[in-house]
Each structure stands twice: as C-alpha cells, then as structure tokens.
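In the two complexes that follow, chain A is the common piece, with chain B as its partner first and chain C second.
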Partner chain A sequence: MKRREGSILNIILILLLLVGLALLPQVASRFSIYLTIQILLLSLLAMGFNLLFGYTGLLSFGHAAFYAIGAYAAGLILKEATPSLLLAVLVGTAVAALFSLVIGFFCVRHTKIYFSMLTLAFGMMVYSLIWKWRDVTGGDDGLIGIPRGTLSIPGLLQVNLHSMESYYYFVLIVCLLSTLFLHRLVHSSFGLILQGIRENAERVAFTGISVQHYRLLAFIISGAFAGLAGTLLPPLENTLAPAVAHWTKSAEPVLVSLLGGAQTFAGPIIGSILFLVIKESIVRHTEYWLIWFGAILLVLVLGFRGGIVGFLYENVLTRLRR
Partner chain B sequence: MVETLIFQGLIGLSLAMYIWLVAAGLTLVFGVLGVLNFAHGSLYMLGAYLTETCTALLGGNFWLGLLLATIIVAVLGVGLECFFFRPMYRLPLAYQLLMTFAFVLIFDDLVKMVWGPVYRVPPTPKGLEGSLSILGRAFPVYNVFIIGLGPLVALLLWLILEKTSWGKMIRASASSREMASAIGINIKMLFTTVFAFGAWLAALGGGLSIPIRAVSPGMGTFIIIEAFVVVVIGGLGSLKGAFIGAVLIGLLEAYGTLFLPVFEMFFIFFLMAVVLIVQPGGLFGTQVSHEEA
Partner chain C sequence: MKRMNRRDFLKRSLGTLAGVALGTGLDLPEAFAQRRPVKQGPIKIGGQAILSGPLGGYGNFMKMGAQLAVEEINTKGGIAGSQTEIEFRDEELKPDVAVKNARYFVDNWGADFLIGCDASSVGLAVGQVMPELNKVLIITHAATEKINEDLVYKKGIKQVFRISVPVYQDGIAAAIIAKDFPVKRWAAISPDYEYGYTTWKMFRETLKKFRPDVEFIAEAWAKFGTVDFGPHIGAVMPKEPEGIFTTEWGGEAITLIKQAKLFGVFDKAKAWMNPMGAAMDVLEGLGAEYPLGLWISCRYWFLYPDTRENRAFVQRFQKRWNRYPHYVSETGYSAVYAIKTAVEKAGTLETSEVIKALEGLSLDTPAGKRVFRREDHQAIYEVPWGQTAEDKKYPFRILRPLKVIPANDYYRQPPFA
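Now for the complex of A and B:
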C-alpha cells in the first residue's frame, strides 16, 4: 500500500475532523450525539474487523461474536458486579480477546471461503449460547436496566457519566486512542508482514516467517477491538439483546469496510459514517429502509469496487498529477 | 421411550426435507457457478409467500398455486443471474457475499411491504389433511407426504445429472469451467438455467413448507443458515452430501429439542465447525488440500 498519510491535505482534514468531534456536544442535539456514538462504535468494530480482512486477507463472517462477548461481559459486570465502567471495558475486552485466541486458533488454519464459513459457525455458536443460556444472558429477553456506571480510578479520578455528552467524550477518547494504536500497528513491520501474507502467503512463509502465527495474532487483536467496541454498547443503550451476536450483525463490518474501502485505513470509518447516516436519512422517510440500502449496495458492488475512499483517492490523485 | 424416539425421528425427517430442497439448490449453484448465495433463503421465502397468494388467487388450489409460484421464482432467478450475478463471477469472495446479502435485505423488506409483517399459517392442501396413527400418536398425513417427496426429488436430481445431456454439461462445467467452454458448452446459458433451477428448488421447499411452518418475514435468514450448515457438512458442491447432511441436521434438531433443548442449536453449529476443522471439504465433497483451504 502506498504511503499517502503524510500529505498536508490529510493532516488538515484530520484536524478539522478532530475539532468538529470535540465541539460536537456544544452544537448538536442529543440525538445527533447518540448517532455519533453509534458511528464511533461501528467504526471501532469495523477497524478491528478490517485488520483481518483488508490487511491480512481473511474475511471473517463471525465478528459479531466478539462484539457480543465484549458487550455481554461488560453488561454483566455493570449490572451484577460493580458499576465501574473502566473495569467493565477492560475485562470485557480481555474476555473477547481470550475467545479470539481460542476461536482464532482453529480458524487461521483455513483461508478463503473455508475461513469465512468457520468463523460463521463459531459466530453462530456464540449466538445460540447467548440466545438459549437464559440463566446467564437472559435469553431472548436480553439484559435490561444496565447502569452506565462511573469512570473511576481509586484515589485518582471520579467522573460521573450520566449525561450523554460526558459518555460521548469517554467513547471518543477510547476510539481515538484505538485508532492511533491501529494506525501505528498497520504501518509497523507487523502490519507490513500482514499485508505480505494477504498478497502472497507462500512467499512470506519462504522468508522464515510463521504465517499462521501472524494470522492468529492479527485475529486476536482484531477480535479484541471488536470486543472493545462491544463493551461500549451496554452503557449507551442500558439494554442488550442477542441480536448483537447474529450473523446479520457480522455482515455490518464487512459491509462498511467495503463501502468505505477495505484496502485503506480510513475506509471502515468513512463506511460506518455513510452506513449510519444513510440509514438515518432513509428511516426518516420510510420504515422499509433495507430495500433502499440493498439497492445502494448493489450500485456499490457493481460500480465502485475500491470503496468510497479508494474512489476519492484515485480521482484526487489523477487530478493532482495533471 | 422407543416410540418417542421413532416419532421424533419422523418429525426430524420431515424437517430435513425442506432443508434438503433449499440445500440442493444452494450446493448446485455453488458447484457450477462458484457463488455462495446468501439470497437463496430469500427465494425460499418468496416461494412460500407466492404459493400462499397464488393458491388464494386460483381459488384455493394449492398444487396449481405451488406450480405457478415456483415458476415465478424461477423466472426471477433468470433475471437475477443475467443482470446481477453474471458480472460477479470474477470478483473476490467478499463482493459476491455482499451482493447476495444486498438481495437478502431487499427481499426481506419487499416481503414486509407486500404481505405485511405478521405470521400466517395457511390451511393444509386438500387430500392431505388429518393425521395417521403411528405408534399410538397422531402424525400429520402431510408430513408423511413430505418425507416421501424428499427422496423422490433426490432421485430426480440424480437422474437429471447422470442421464440427461443438460446434467452432463452441468457436471462437466462443475469440474472445469474452461474445459467445458472449450468443448463448446454454452456456459452463459448453463449458468442461467442452473441458477433458475436452484431458485425453483428453493421456492418448492418454501411453498411446501407453508402448511406446517408458519409464513413469516424472518424465514429466509433462518433457513439459509441451516442450509449453509448442511452444505458445508455434506461438502460444498456435493448433492449426495447435501441430502445426507440435511437428514443429519433434521434429526439432530428433532432429537436436540427432545434431549438438550438449551444447546440444540449450539450443537448444530458445533458440528459444522468440527467438520470444517477436521475435513474442510465436507463429508462427501472433494478433498481440499490445506494450501487451498
């Protein structure tokens, strides 16, 4: 992948975006803040997913599992154990990472459609457990009345997150730190090896690198970020239902990554913004938004295969060259 | 106890036959076209809704309604293949899955728009009402009919693939697309007809399911996952595997609800994962080398 991140245009765009995100609660309605949090969560899930898909070349169709594991672990901690948000987020992410290790161990032996089918199978295993294991997860009623909790580090910090604005800032900081980390990761030698595996696994193996080892590591990091995104969900909604683990939820990160451009770092973020904004603007007019969204997807697949970010880069680049 | 086991087995078998009809089309389309079609379950759902509507339009004649509905879905399949699937064959897997997923969304909402979001249970077709007494329990006649029909369709498929020239073209194209094309087989035509035939089978499964299983908007996304499991267990592209896989899953579902109601669904996907890990090519599929998998 070409290095384009250094351009001045990019830096200006990113600064503008950051200022906009920081000032958002001052100008936006409560609903817009809520929508922005949803966009941030989906971006985080999709960025985690895309480390595996766009960078390593493995299409997971079961990432909702890790998202749901993070969400249920955090929800249960907040509801049953202690209303400490930081603890819920950390433990939830760790549990998701642990599951990624076990599930990834089996999945990374395969690639292509067999990898996708295997992740789908594991994803649905998690879904059926959440759906049927009523004693722990509440079954199809889900978990209700989950408190948002407080952000507290004993003797250091105590922040009340009751208002939507303060929770927004918490989610924003978590997402920015994660984005920074993932950006460094994909541009490190680790990230380059992953891309090498995507392009030609055999060649990478010949240089003495254990391909499966790297794939597994990518799987764990990918699942951990999906889990992290999940842990941020129950404090936002205060409820949790098994649908977050269903295979149709697993399709979302696939969709937004391709929508934005899976081979670009910003792709999943742009895709998430587009997906949720398009959804909101269609839902305002009709309850049958999926028809329109499906139609948009068709145009995308048949027309803009590099994703929106890829499309823009190509056009901007060719114009600059002239 | 033995009676319960046999009785539950019969229920499992009738369940298996719907899954088989859907899985047969899915695996056939994958074997020939190389596309794993998420929207195949939506064709099943359309078959069910259209059968109900056509039956009502034709004055309550279920069989004519079923015939008309499955033909409509097959024609729809021709359109889908020509306009949307044809440009997809050379694209990466992710785009193919995404496009078929787009159709899942479209058909789901379309069905809600046209027929409304409610559950419906249409009446059993004439001549197949009532129930038999099996081991002292009432077993619907319609289920017996379905259990008989499934193997009949399997036999028919086998005859078509082995004995007709169309079947020979299908087998040739499934084993090597380039070679089949080189010896003068019209691949475009073949793909379209195979897709339409798969759609017809899915619609047949959907239409036949309505007297027993309720007609509801979510039925497409539910059956497609069952069919995926069956096709993967049997081996992608293998019809024999799909049939045995369907019987296996049908029985597992029926006995699962009896013995392990909490973990029944879990075990089905567990089985799928185990088969994929141990033998990615499935029980009856072609052997897949590890580089390829």
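Now for the complex of A and C:
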C-alpha cells in the first residue's frame, strides 16, 4: 500500500514533466528551447555513461570519445553525403557502438582506477586523432556548415526540421525512447546482473556468468548511447570542433551523475538539468563563473550524499511514507 | 524680434500637422528620422572572448577596449541618441559554448550586435549561426581566412564582419619582409593546429615566388599548452636553419623565446620572425629579456600609426586602465565605434540596413584608416612589421625600424580561387 503511493507520486511527477516538455515550445523563447536541447543531450550522454558507472561500477573517463565519434560520423554524413537526419543518427550511433566494442574489449579486462585510466587514454587518443586528421575532420577549425537535414522515411514521412521547435521535438522523442529503453534495460535481468557485478563480481562469476562479457556488453550499450547523444549535436550547432572529444567533456557525465545520484535512474537527468541551469545562471552574473560554479557543485556533491535524487529519496520520500 | 502674423501662424501649424500625419504613415523625411532615437531603451552589444584559463588575459584586454569605447560614447550622447550597453561572456575557446553565448545574447538578452571571438574555430562556429540570429557580428581577433573567404564571400553570410587582420599578415606579409633577408634555409617552430599550418603554408608559398632559391628544411609542431620547447628546438636546430619562422603566441611565445635563448638559437640563426611577437602580452612578458633585432608584428601596435588620434587613444586607455593597450583592446574599441558609425549612417537598427552601411565603410580608428571590403567584409588597414629595439621610455621592447606594406598589396583578393 505504502509502496503504491510512492509509485503514484512518481507517475504524477513524470506526467507533469512530459506535459511540460511537450508544451515547452509554446511558452518558451528560442534560447530556452536551445538550452533544453542541450540539457537533453547531456542527459542522454550521462544516462548512457551511468549504465557503466552507477549500474556496473565502472568509472569511464573517456565517454566524450564516443560522443565525439557519433557527432563526427553524423556531421560528416550530413555535410558530405546526404542531408538525411535519420541516416546520420543511425549510422553515427552504429559507428560509436563499433568503437565501443573495440575500445571496451581492451578496457573491461581491468577495473577501478586501471579501467578509468585506460578509458581516459583511449579518449584522448580519439581526441588527438580528430585534431590531427585534418583532411577528414577539419582539424581544430572543425566541420563547418553542417546542415540540419530533413527527417524522411521514404513513402512514410517527410518533416522539415529547419526551425528550432521542430528539431526540439525530434530530440525530445529520441531522448524519451532512449530513456524508456534504458529504464527497461536496468530493470531487466540483464540490469540486475550488472548491479550484481557492481556489488560483487566474484560472486556473480561463481554463478557461471561471464563477468567480462557482461561488462563489455554494458560498455557497448553505454558507448552507443553516448554516440547517439553525439549524433544529435551537429544538426543543432551546425559546426563541430574537437573540443567535444576532450577529457573535460568526459568529466561532464561523471559530474552530473554524481550530482544527481549515480545509484538512481533519474540521477543523471536531474544532474544534467542542475548542471546546465546553474552554469547558465552564474554566467549571466559574473565572468568569473568558474570559481562560483566549482564552489556550488562542491557543496551540492558533498552536501547531498548519494546525489540529489538519492538524497531526496532517502530523506524525503521515506519520511513521507512513515 | 520678428512678429508672427496670423497667416504665418496658420501656415506653420498646417505644416506641422502635415508633417505629423506624414511622419506616422509614410516614409520619414531624413530630418525627421535623425531626430528620433533608433531604439527605445539602450542599444545592446554582446561581447565574447576568452576570459578564463591561461589565455584569459586576451579577453580582459579586449573587454577593456570595448568598455572604454562604450563609456566614451555614452558620455557623448550614445549611439544615434540611444545609450549603449555592453555585456561580456566567456567563450572558453569552445565553439559550442560560444554559439550558446551568441544565442543567449540575441534570443534572450536582446543584443542588437555581437562582437568578439578569439579562437578561429569559435569565429567560424558563431559566424555560421548568424543568418539564423540575423544580427551583425564584428570579429575582433579570430584570424582564419576561412571567415572572410568561405563564410562571407563564398557562402554569402553577410552578417559577419572582421575588424582585425586575417592570417595574411602572419604568413604573406611575413614572406614579403623575409624576401630581402640574406637567408636561404628556413625552419618553423609553430603551433600544432590550423593557425600554425596555414601561416607556414602561406609563408612558404609567398616566399618561394619571390625567392626560388630558398629552402624550407625543418618544421616542429608544438601542442597547445606546450611548456617545454626543448624537443622542438632540438629537432630544428641540428639542420642549421638560417631563419626561424614561428607563430607561437601568448605565454607560449614567451616560453619559446626564453628557451631558444638558452639553446643559443639567436646566435646561430640570422633571422627570427614572429607575427604575434609584438602583442602587448609578449612584449611586457619578456621585457628586457626580449632579444634585439627580431622581426615581429601583431594586429595593432600601440605606437603605430603616429597620429594624433592614436596617441590620444593610448593616453585615454592608459588613464582608464593604467595599462598599454593590447591589439585586442584596439580591435574591441574600434568594433564598438564601427557599430556607432554604421547605425548613425543607416539611421536604423535593421540588420540589412546596418550591413549596407558597413559595407565599404571607411573608418578612422586608432590603428589608422580602416575600410570594410564589400565582397568579404574584411577590414583593410595597415599593421607594421618591425625589429625589436630598446627604448628608454618603455620598460619593454619597441619596434624599430618599421616596415609597412600596403594592405592591398598582400591581402588575398576576391574571388579567392
């Protein structure tokens, strides 16, 4: 009975959020829509990342690599081959998944700091590759003039995404479907095994499950979602530069997951919202934003044990139920 | 005093009435338009530059210049009667951050103009979204030729202008100076990114045309943020170059020169060229440690041109900030004045009209006369090259003798084949 009240509250909150998101372009300015798209992209990247971090217990410091690979693959398709958004998103995600397979193959043999350092190294390798491979990536000037493309399924659908509003809906739908998929995934037996690996890999291994295979699979799915988030970036910005592959970008999903709560499903989403909204508000008031931003994040991460969602869940929801 | 009779009075009243009627409905006569402010409320300028990290000084210098211009303009009645407001944001040298800044300024803050952009990638990324935002952007630093040649000329993005010199100054002008040197063997130690490659390529291609006898024997590329140039100097010097060309800038230019001194590079090589070597941060950073006789330039140097206008600008800048102006201070300052001149000429803030007013506009600025080329919106003006020399009046090196090449002689011309 008590349990049901919690889930009803959950459902109400989610419905409110969905209605809000759906109606946003009716009330918000073009800039707010743009900022919301950025929040959606960061949430998607962080949710993918958190499958590995929060659920499997592997801290990757190189997820910007997959984000960037997805972005560059999509950007190149849109710019050089065909302005088909769907194709760019699908191929970009597939390329990112392929790279995750190769890089993950080497990384999942290790855990803890060794795993983190390896992912950092691979991440910076991808960064250098993008920086140096000027004929394809445009070096540090990047890819310029990437069209947003059209959303077309031959014989079925043809949508012009030129306006910010229509692109927003496209990103929103992709993100909602991904969230639904990831939610099902972490609550499936696959997700339970990943959590088992996080808690005690040896015990899981004794049940006859190949820990490495599961870790690799989690790595690939995680990288694919990071790549998917990346594919949505070039149509938004129309340009793409190597900064998206830098380790400072890899730090963002780590931070937002910690901020929101890595052990909760909604943590990375709430973390992303807070991260970008806080930054945006500080930047408006001071040019020395870094010091304020750092201080506020520090207080939030240290003050809310288990992240904001985790903290609220522990302290507010449980108290409400009592 | 002349008395007004009844007939005169009637005539005037009718005239005024007609004027009001016309003024509300039809095209305004010139005199009417001039008297109304172009905007209710302040004219807003959104500026962005690098304000954090090791290159944060550049953004601050640019801000000082732009701020000074806004203060001067406001005390003299504003732009076309409207007060001017400027706000700055950190571009972080990241294109996505810079695009977000631009979108915030225009869509949320209500900017009428954008100025700034330090990194080339930032200038290109922001330039790319200007048609959508449809405001005028005046670039004050980003130097890539792709901005004027590709974005403006080839893609027809008319909202973008650049008031600072492009890489032609760094590569082509350098070669025109170097052609007279008794140097046959050249080597490069330059930044490992687009700016470094492009300038070295322009330098080689131009020099080869004048001097078929020169050779380019070695190159070493230094990553962004290099603190130890030992390996780069070590890779180039054994090949015994007679001339060294470098486009290192900011703190890295300072580090490179200090370390090159330790390696005795300035005793072995006959010539050293650095198009960014006369930037105020490098001059002040090296002080008396700057070796004499090196060939350097930048995008504006505070003692050139020797005009009353420039001397007065340097004085006002010093009075306000207690510093010598950096080149980005001058470009930021002049960008604000370019906006003022264009708006007053256009008599409106309508983007298409302001663009028309800016195209071909000739502007008296501290750096001398600037003309915005119609085809690619690039400002044409002269920046000197010169050799580092000592002057008791200044705690840092100055440029003497100067060598000034007319900008039209070395700027690439449309159509950029």
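Note that the second predicted complex is superposed on the first by the 312 of 322 C-alpha atoms of A that agree within 3 Å, B and C clash if a C-alpha of one lies under 4 Å from a C-alpha of the other, contacts with A are read in each partner's own complex, and residues count from 1 in each chain.
Just so it is clear, a residue touches a chain if its C-beta (ideal position, glycine included) is under 8 Å from a C-beta of that chain, and two chains touch if they have at least 3 such contacts.
Since the structure is predicted, the reported quantities are computational estimates derived from the model, not experimental observations.
Aligning the shared chain A places chain B and chain C in steric conflict. After overlaying the two complexes on the shared chain, residue contacts for A:W131 are found with chain B and with chain C alike.
When both complexes are overlaid on chain A, the residue A:F66 reaches neither chain B nor chain C. Judged by the touch definition given at the top, the superposed model places A:F293 against chain B, while chain C stays out of reach.
By the document's definition of touching, of the two partners only chain B reaches A:L302; chain C does not. Between chain B and chain C, it is B that contacts the larger number of residues in chain A. In the superposed model, A:F106 lies in contact with chain B only, and not with chain C. When the shared chain is aligned, chain C comes close enough to touch A:N238, but chain B does not. Using the contact criterion defined above for the overlaid structures, shared-chain residue A:F219 touches neither chain B nor chain C, since it reaches no partner.
Annotation: chain C segment clashing with chain B after superposition, chosen from 27-35, 171-179 or 261-269, is 261-269. Comparing which residues of chain A touch chain B with which touch chain C, the overlap comprises 131, 134, 288-290. Chain A makes touch with chain C in their complex at residues 29-32, 34-35, 38, 131, 134, 139-142, 144-145, 233, 237-241, 243-244, 280, 283, 287-290. Residues 36, 84, 87-88, 91, 93-95, 97-99, 101-106, 108-110, 112-113, 221, 225, 228-229, 232, 236, 261-266, 268-270, 272-273, 276-277, 280, 288, 290-293 of chain B are the ones touching chain A in the complex. Interface of chain C with chain A (complex): residues 51-52, 59, 88-90, 93-96, 99-100, 103-104, 107-108, 120-121, 124-125, 128-129, 144, 146, 150-151, 155, 193-194, 197.
Of all residues in chain A, those touching chain B in their complex are 53, 59, 61, 106, 109-114, 116-118, 120-122, 124-125, 128-129, 131-134, 202, 247-248, 251, 254-255, 258, 262, 288-291, 293-295, 297-298, 301-302, 305.
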